[in-house]
Structures are given as C-alpha cells and as structure tokens.
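Next come two complexes, and both contain chain A; in the first it sits with chain B, in the second with chain C.
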Partner chain A sequence: MRCLTTTHTVTKKRAPHRIHAILALLAVVGAMPCAMANATGKPDPSLVEMQKKLDQSLQLIEALTERVRELEARQAVPAAATAPGAPATSNAATPAAEATTGTSRLDADERKLEQLEKENANRSTDDTGLPLHGFADVGIGTHNPINPDLKGAYVGNLDFYLAPHLGDHTRALFEMNTEVGSEGSVDVDLERAQIGYQFNDQATVWVGRYHTPYGYINTSLHHGSWVNNTLRRPKFLQFEDNGGIVPAHTVGMWLTGAVHAGGGKFLYDVYAGNSQEIVDGALDMRNAGTSNGHIGGGARLAYQFKTGRVDGLMLGVHAFTSTITDDAVPSNATRVLAYGGFAVFDTDQWENIAEIYLFDDRDIRGGTSTHRSTAGFLQLGYRATWGVPYARYERTVLEQSDPYFAALEGGASYHRIALGARFDIDLKSAIKLELANTRLTDRSLDRYGEGLVQYAIRF
Partner chain B sequence: MNPRAPASVRSQAAWLCAALLCTTAAGAAAERLDQLPQAWRDDLNQRLVLGDLVGHRVILSMAYTQCHRTCPATLHELQRMQQVLDRRGEQASFVIVGYDADNDDPQSWHRYRLTHGLARDNWHFLTGTPATVRRLARALGFDFWNYDLHVMHDSRVVFFDSEGRYSGGVSPATGNWAALL
Partner chain C sequence: MRFGSDYRSGNRRCIGLAGALVLVASAQVTAADLYVVCNVNVALQPSDVRDVFIGEKSFAGSAHLAPADNLSAQTAFLERVMKVTADRYASLWTKKSFRDGANPPPVKASDAETIAYVRQTPGACSYVQTVPPAGVNTIGKF
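This part shows the complex of A and B:
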C-alpha cells in the first residue's frame, strides 16, 4: 500500500497535466475536421482515420481520469482517519506508527495537490481573460451633493475597476473613473494605478497612485458609491476635485500589511510620494512627478479587535506631512502637518465611524508662522433588516490665514448634520436618501438644506 | 483566386472552434463533489477532504467574515434549511467556504462561528488557498471579485445529493431552495 502510494503520487501529479495537454490538443484537432467537412461538404477519408484516433484518445483520457479519481479517493481515506475534526469515513483507525508515517506522506501529497490545484486555477483564470467590474450612480436633489450651486438630476460616477491576477506575489489595481464636472463636462481620471509586490500577509509594497492611507474611509470606501452605506463622504474628505482638503491620493510608494497579535491584528501603513500642489483651487497629486522635488509622506497604525464584545472595533492613529505649493504669483508654500485618530465599530449591526484631523501648518514663504485647524466627523449607522439608517455630524474649523486652506476652494469652515438611509433593492443595487443641513462659518455665512436621492449599482 | 484561401479559412475556423471549446470547458460547473478542489482546512485547522462528505447531502455556500450584509443573510437562510431538515429528521453537511483566503484563516472562522452561534458539528467553515478558492468558485458559479477590503459577491447556495452529485444552485433569498432540499 505504501509503495503503491508513492508510485501513484508521481502518476497523480503528472496525469492531470497530461490530460489537460491532451484535451487542449484534442480541442484544436477536434475542431479542424468540423471546419474542413463544412468547407468541402463531404468527409475526407483521412478525417475518418483521425476520428478513430480521437476516439482512442478520448478512451485514454477517460481511463486516466478514472485513475486520478481512484488515487485521490485512496489518499483521502487515510487523511480523514488522521484528522480528528474531519468527517467520519468507513475506514478503520490505523496503528499509531503507520499513522505518523502516513501523515507526513499525506502532508507532502497534500502540498503537491495544492500546488497542482493552484496551477490549474491560474491556468483557468488566464484562459478566460480579465473580468471588468465597476460601479455607477445617478441621483436627484434639491442641491447637487458635491456642488450646492446646482440642483436637479445629476450623473454621478461611472467607475471601472481592474485587479488582474498576475501570480502569487505581483498585485495590480487600476481604477478608471468618469465623473461629471460642475460645467457638465465628462472627465476621466485614473484614480488608482498601482502595482505591488506582496511578500506575505504582513507586507505588500505598492508603487504608483494609491489612496493615501489616513483615517478609515479613505482606504475602505472608494469611488464606487455602492460600497458606501451613506450617500456621500464627509465634505472635507471628498476627493480632491470635489473639494476635499486632505490629499486623497498619493503618487509614490506604500508599504502596508497586518500582523496578528492578541486575538486581533495590527494594521500598518508607511508611505512616501510626490508632494501635492494646489492648482485652480484643488489639490493635484502630481501624477507625472514634481518640478520642485518635494516629497511628502506619512504613516498609519491601527489595531482591529476580533474577540469578545469589542469584536469589530478598530482604533487607529495617523499622520502625514507634505510641502504643498499653490499656483498663486508668487506661489505660497506650506509645510502641512496633519495628524489625528479614528475609531470604527463595524459589526453585523453597527457601522459607527469617527475620524479627527488636527492641522499644524507652517507657512514657509509668507512668514505668517504656524496655523492650527481641526476637522472631524462622527457617523452612526445601524444595519436593520429593512435598510441602513445613519446620522452624521461633520465639523471643520479651518484657519483662513493659513495659505493652504486659503488656496483651496473647499477650504472654508462649516458644520453639517445629515440623516439618511440606504435601501438595498437587490444584491447589486441600492437607493439612498439623505436630508442634510449645512452651515458655512467663515468665508460666507450661508446655510442650506438638502434633500438627496441616489441610485447606486455595482456590476 | 488564391488556392490557399480555403486552408486559411479552415485554420481560422479551427482556432475559433478550439477557442469556443476551451471557453466552454473552462466555464463548466462541477457535476460531483469529488471533482472540486479537495484540500481544505476547517475552523479547527484540521484537514478536510470534500469527497469525504459524500454519504449525506451537502449544502455549500461561500462567505467571508468581514461581510456584514450578504453573508449573514445567506447564513440565516442556511440555518432555516437546517431547521427544515431537523423537522424531517434528515441529515446534511453544511459547508461554508471562505472567499477571502488572505484574511480568513481557520482561527477567524472559529471565532465567527462562535460569535454567530453556528456550533453544530455538521457545519464546516473551510479555508483554502486563494487558488483553490477561485477554482471552486468558478466550478460552482460563485462569481466574486475583491475590491480592497471588500469582496463583491452574491448570495448563492448549491446542493449535492448523498452520492455527491450536483443537484442545483439557488439564490436563497429569492430562489425556491425548499425544492432542492
């Protein structure tokens, strides 16, 4: 039995490759006679001979397949006998010594089986090409959810997402988003273009354009509105061209990973990249590189609890710094230092998120010294059977003498309270409603209310 | 007229047929439990061979522990199936295969089943390699894709009879799973 097992392991390892090779060959060869017969209208005698060979080959394949199945069954029986938690089988228990020897052999066989399955899976993926996925949303509101000067129906994002499977270690992620500007023009942005090497679960290095790892929502909720339970992000954490005041994207290098500890896990991020610039009142992440050579960077550290009553709780801190210039003449330069923390309680019932950002910005060229500002939000969501009702409070107090916030179109202070709900129509579409009241508190003292409806899908 | 043209046409037609055949083969569903990837780990980190479950009917679905929308609903439907079988006095193995092999290890599943009160020993929460997960998902029609921390997927349950033969698949929230029990 042991000798047979060893011999058969070799056979088993090679046979499926052989079968696949024969199948592929037969698929090509088998298709040719059909095409030839159709083209000429009568069968070629040589095809009859080929058909015979085909039949013989098919019989051989069936025999090989049966043999592989038989070997797998033989291997599975002792495997179950040595695994206490495995399902019961009809096989009797084996003596301890034999079981030990058998177990080590089975471990080796299992590794081979896993390797074989891995190869098959990789081949299957390659055969079927790269699936295209994405998100889209449209809506109606008393104001546009991004630009309150507009009202009525609006087209949101059409977001295409590609994550090709490239192998065991290389990862790639591309996200191309079409969005409608305030003038109605359609712009296409390569929101993310990152290629990375995954050493293991503990470490992956990405290079390219990625979502800057700060807080929680900037890396967990992206351009696809469907993913987000709320209708929109907090105003100050919107993407750059939607008025965000914190760089949502960075072009550079990012090391990220997770380490299990104490029943939960630590998540860490360290990154560095091109310093952003402010162009036409919006942050620009300098996709092609910087002309001034400034580099920004930061880090995030979080702990995710996975046991007991705090299961689903994540606590974290984050910080980033960057020298950001603007397009004024003469241009301003600000050493932006932002730091803060976040807390998330994400369970089957609750989605509660809080983030806070403290700014300690230094005016490098204007000599107006250091400016301190704060921004934050608190969001409570409950996953009910009928939907996800939520409430959110946002508040920013941004120093307007800080050249950084002064240059940003979205750099005004405000506070907003929003109540909303998400209703899932099916597994791929959802309708969200939101009522919000926003009050601007420095550049202008405007106050406006909003009633918003959004229809979001994934595909 | 180019005398080589028919051969060229034949060649193109042959490659087209070959491509179609290959595509069809790649998308075909598994007909038997023992045709699926066999090597898995359960939530006690013990090896489990799917083929060993033949003998009882098998009800299989996929999930991941960080899912707070679709997966809990799917598991709730599986519990309802269990109740129906209990009332009939029938046995079945419930198998939940993890979508997210990178994050959901056996320990994560063990905590999950304790937290969600899914302690019955005929329920198996399985972890595989990313490759085996993809292969099983493709064979059984579980379409999924990873979007950062999320796994985009639908709710689906497939059934195998007591001899390990595939007997059907259904979306448990909308489909008539009672007909497949």
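This part shows the complex of A and C:
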C-alpha cells in the first residue's frame, strides 16, 4: 500500500509537468510555421511537411497515452488478484475487461488513499499521548546567581510542564519544578497548577495556583531559564524562595483576556486569592488555604500596539494589595499595597523592558503607620544575528522599618548593573554569560562582582 | 494590401497563441500561490490569520479555531503571512505554551492531508499551495 501510495504521488506530481512540457513544445513548434509562412506570404512546402509531422506527433501522443492507460490497467490486475478476499480474475479475460477491472481497482486505491489521508488528517495528540515539555539549566560562576555566598558550579532548575488539550473551552497548565536549595537539597515545587475555562478570546477564568499578573516578567518569563534572554530575573523579582519581595504566585481565581481596539489590543487581568504569609524569611502563597481568611487581589491593564513604528510596544499599569502576616511572635501584619507601571518593546530586534513598583504599606499591628518604598529595573536587549546582548540596571529602596520588608530575607535595598549575552547553540539550547556588580545599600554595605555562565535547554 | 493585412493579422494570432501556450506551460515554474483555508463554519478576515497561528485568536464567533500547519507549505507561509523565521515561530510557540497552556498547531504533511483535515474538523484552518477544492472556505490568497 505504501508503494502504491508513492506511485500515485509521483504520478500526480509528474503529470502536470508532462502536460506543460508538451504544451510548451507545441507552442514553440506551432509558432515556427506561422513565422515561416508569414515571412514569405505563401504556403511553404516545408511548412506543409512540418504540419503533417505535427499531426503525426499528435497522433503518436494519443497512441502513447492510450498505451500508458492500458499498461496501468494491466499492472493493477495482478495486485487485485493477490489481495486477500479479492475475486479471482480470469486469464481469458478480454483486454477491454482487463482495462475495466484495472480502472475500478485504481478507483478503489484512490479511495483507500483518500481514506488514509483523512485518517492522517484526524490524527491528533489525543491518541499519541500527552507531550511532556520542560527546561533545565546548569552553570558556573564566581558566585551562585541566587545565593552570592556560594561559588563554583551549580545545578539550576529542572522544570516540567504539561498543557493537556481538554476541549474547546477547558484548559489546564501544570508546572513542576525541581530546584536545588542553598544547602544542596533538592526541592520539588508545584509552581503552577491551574485549570481554566475560556469563554472566548476576551475572557478566560483560571482557578488554582498561577503566576501573579503584575508587570511583564512575572507572567511572560517563567522558571525555565531558556525562555529568558537574560541569565536570571531581576533580584527583587526572583521567586519567593529565591529572595523575591513581590508574591510571584497566587492561589485563587484569575480572570484574563484581550480586547482588540485601535489597531492594537487591551490586555486585562483581575485576580483574587489567598493572602501570602512570610515563613522563614520567604513569602509563602498558602497552597492549602489560609488560617486567617485574608484575601488579596489586584489588577493589571495594558495596551499592546500592533501597527506602525510602535508595533511591539506595550504599556501597562498594575496594582495589588494583600494583608501579609509573618511567623514572628507576636506576628506582624502588613497591608501591602503595591502599584506601578511597565513598558515593553518586544520586536524581532529589540527586547526592552522597564518595570516600576511603588509600595505603600500599612503596619496593622505594630502601629508604625505607613511605609513607602520603591523598586524597579530597566533592561535593554538586542536580538543580533550572533546572539542577544543585554544590559540591565536594577534599584530598590526598601524601607527597613516596614515590617514586611524587615521580615523578608531578600528585603534589603540594593542596586545592580549587569551586562550579558545569550548565544543560541541551536533551537533548543543556549549559553548565557553575565557580568554583574551588586551593591547592598542598607542592611549591609557589601559589594560584589559576579561572572556567570549558564547552559540552558528546553525539551 | 489585403495580403499585408492577412500577414499582420495571422502574425498576431500566431504570436498570441504561442505566447498563451508558453505562459500556460511556464506557470508551473513560477512561485506557487499560497491559500489560507478554513472549515466552512469559520469566517475569518485575512488580517486575523497571523493571530490565529500564534494562538492569540482562538475563536471566530462561536467556533473554536483549530489551526494546523502544513509541512509542505510552511516555509512559504511563515515568510509571506507570518513574516517570521521558522526558529522564531517555534520560539513563539514554546513561550506561548509555557505561559498560557496553549498547544501549538498540529502538523499535516501534505496539501491533500491538510484539505482533508480542514474539511472534516470544525474550526480548522490551514494553508495549501494548490488551488483549494470545493468544501473549504478560502480566507485569502497570499
């Protein structure tokens, strides 16, 4: 059957070429006598002879075409005779009968071929299993990119994610990440576990654990290092267990969508979920629920330009609030209010990102009133043919009398300048280099430089 | 005079005939057209095609869209319609899938397989380089 299929394909492909070649030949041959006759104005004996030959050629083509049909019909007959369950073919059959049988066999094979194509067309991932994708990275540095107290080689993340196809409206996304802690222990986190219902392009509701929709990086660039052009996230936007100061995950409900308008589109997010708690100096997103019943929430609104010179530009604002307690005795409680904006210029050439966060936190139990802090970064990246060089400046000014930042291990103020580059080895692997200088500005006045290399893959 | 007129008229006819035949014969060697086709239940604008194939548009009215890539015509499609390289297209889908849980379009091997898929699958959209047959909705020629 495979051979037969191949034969048909080849025949189908060659046939138009033959016809066109004959037509071209006829065109040239046909044009010559015209030109010759017109040149003299009288019927030329050689022209008459040529026309006669042309007629003969046409007759020959017709005869050859008929002969090909006849041979194809004969070729089909033995195949039919050997097919299981096929009716026996009489050796004494007339050529006409053979041709008829052959034609019907060809028709049958055409139908089978069509059926195979339909079956292939219907084949989907539903019956070929669920693809498992993921990311991994390893590296070497003068300091560990997350914990500067460590040096040398390190194992980064091994991150798996599943996005099963469930139907027209139901969607699901699960991401499981294994990461190595400062003590070398391997921890497994269910980073995202969200099931959603997509009403249309304008609205999808997710429930579960998701990346908190603020700024750009937190929802666009996730744990998989390969996805990011830079070697690591800005320090203050690291994930919770890596010293981040903004809740990267929320467990709750999230409404998101896009509405086209004015040649671009508005993107919106509204969410609410369990208020985070600070446990052992890190934000905990309370996967199983909260004991105090506190609810946090927020919103993000952005406009993405899709035409003209600003195609690829996105401007947005975001805000969130949450009452966050810690594990001190007695525990502190802070009404965290963060708001700000972001700008992204993401094109085939540029990846420029800026985000700013303004904190207006209210100490609920300690009575130290309101504390204001700021954090932000500016990153410029250029997609050159040889790689993606980038530069980033990060700065945080975090009020240390704010019980929220005081309780967070990563709550110190700093500024960092980083220069780096990404080199894609192939479609699925990349090497990144980064040189960075970090200076802490309040809890300690340490200053350190870093040289980092990372090998990141996707699979 | 009459002879001259016949001469010019005949000459024009012959040149016209030869030219037409040569054009027909050479049509095969020019760049093949690309047709974006959808299932008959899908109504799309040509300007929507890019969004459909990067997962930004999942619905056309009430119809859930099911785009599929056609391996035999993908190079032309990415160049003429999507205006991205194959690497960038793959990268876009990796990020999209990881970010939103969306799945990249399945890949069909040939025009025939693609047409069969588009005909049978509600919401299906794809592209071919042969003139689309009846039974599919041609969105645009690129």
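Definition applied: the second predicted complex is superposed on the first by the 336 of 459 C-alpha atoms of A that agree within 3 Å, B and C clash if a C-alpha of one lies under 4 Å from a C-alpha of the other, contacts with A are read in each partner's own complex, and residues count from 1 in each chain.
Everything below uses one rule, namely that a contact is a pair of C-beta atoms (placed from the backbone, for glycine too) under 8 Å apart; a residue touches a chain by one contact, two chains touch by 3 or more.
This one's a predicted model, so the numbers in the text were calculated from it and none came from an experiment.
By the document's definition of touching, both partners, chain B and chain C, reach A:S220. In the superposition on chain A, A:Y161 contacts both chain B and chain C.
When both complexes are overlaid on chain A, the residue A:Q194 reaches chain C alone and has no touch with chain B.
Shared-chain residue A:R439: touches no atom of chain B or chain C.
Applying the stated contact rule after C-alpha superposition, one finds that A:L427 touches each of chain B and chain C. Once chain A of one complex is fitted onto chain A of the other, the partner contacts of A:K151 are absent, as it touches neither chain B nor chain C. In the superposed model, A:H133 lies in contact with both chain B and chain C. Touch criterion met: A:R171 reaches chain C, while chain B stays clear of it.
Of the two partner chains placed around the shared chain by superposition, chain B and chain C are both touched by A:R458.
In the superposition on the C-alpha atoms of chain A, the part of chain A touched by chain B in one complex and by chain C in the other spans residues 23-24, 27-28, 30-31, 34-35, 38, 114, 117-118, 120-122, 124-125, 133, 161, 163, 165, 201, 219-220, 222, 224, 227, 348, 427, 458.
Touching chain A in their complex are the following residues of chain B: 6, 9-10, 13-18, 20-23, 25-27, 34, 37-39, 42, 44, 46-49, 51-53, 66, 68-70, 72, 93, 102-103, 108, 111, 115, 124, 129, 131-132, 134-135, 138, 145-150, 152, 154-155, 171. Chain contact summary for the complex, chain A toward chain B: residues 23-24, 27-28, 30-32, 34-36, 38-39, 69, 72-73, 76-77, 79-80, 83-87, 89, 110, 113-114, 117-122, 124-125, 127-128, 131, 133, 161, 163, 165, 201, 219-220, 222, 224, 227, 306-307, 311, 346-348, 351, 383, 424, 427-428, 458.
Listing the residues of chain A that touch chain C in their complex gives 16-17, 20-21, 23-24, 26-28, 30-31, 34-35, 37-38, 41, 114, 117-118, 120-125, 133, 161, 163, 165, 168-169, 171-173, 175, 194, 196, 198, 200-201, 219-220, 222, 224, 227, 258, 348, 427, 458.
Residue ranges on chain C touching chain A, taken from their complex, read 3, 7, 10-11, 13-15, 17-22, 24-28, 56-59, 64, 84, 87-88, 90-91, 94-95, 97-103, 106, 108-110, 112-114, 116-117, 120-121, 123.
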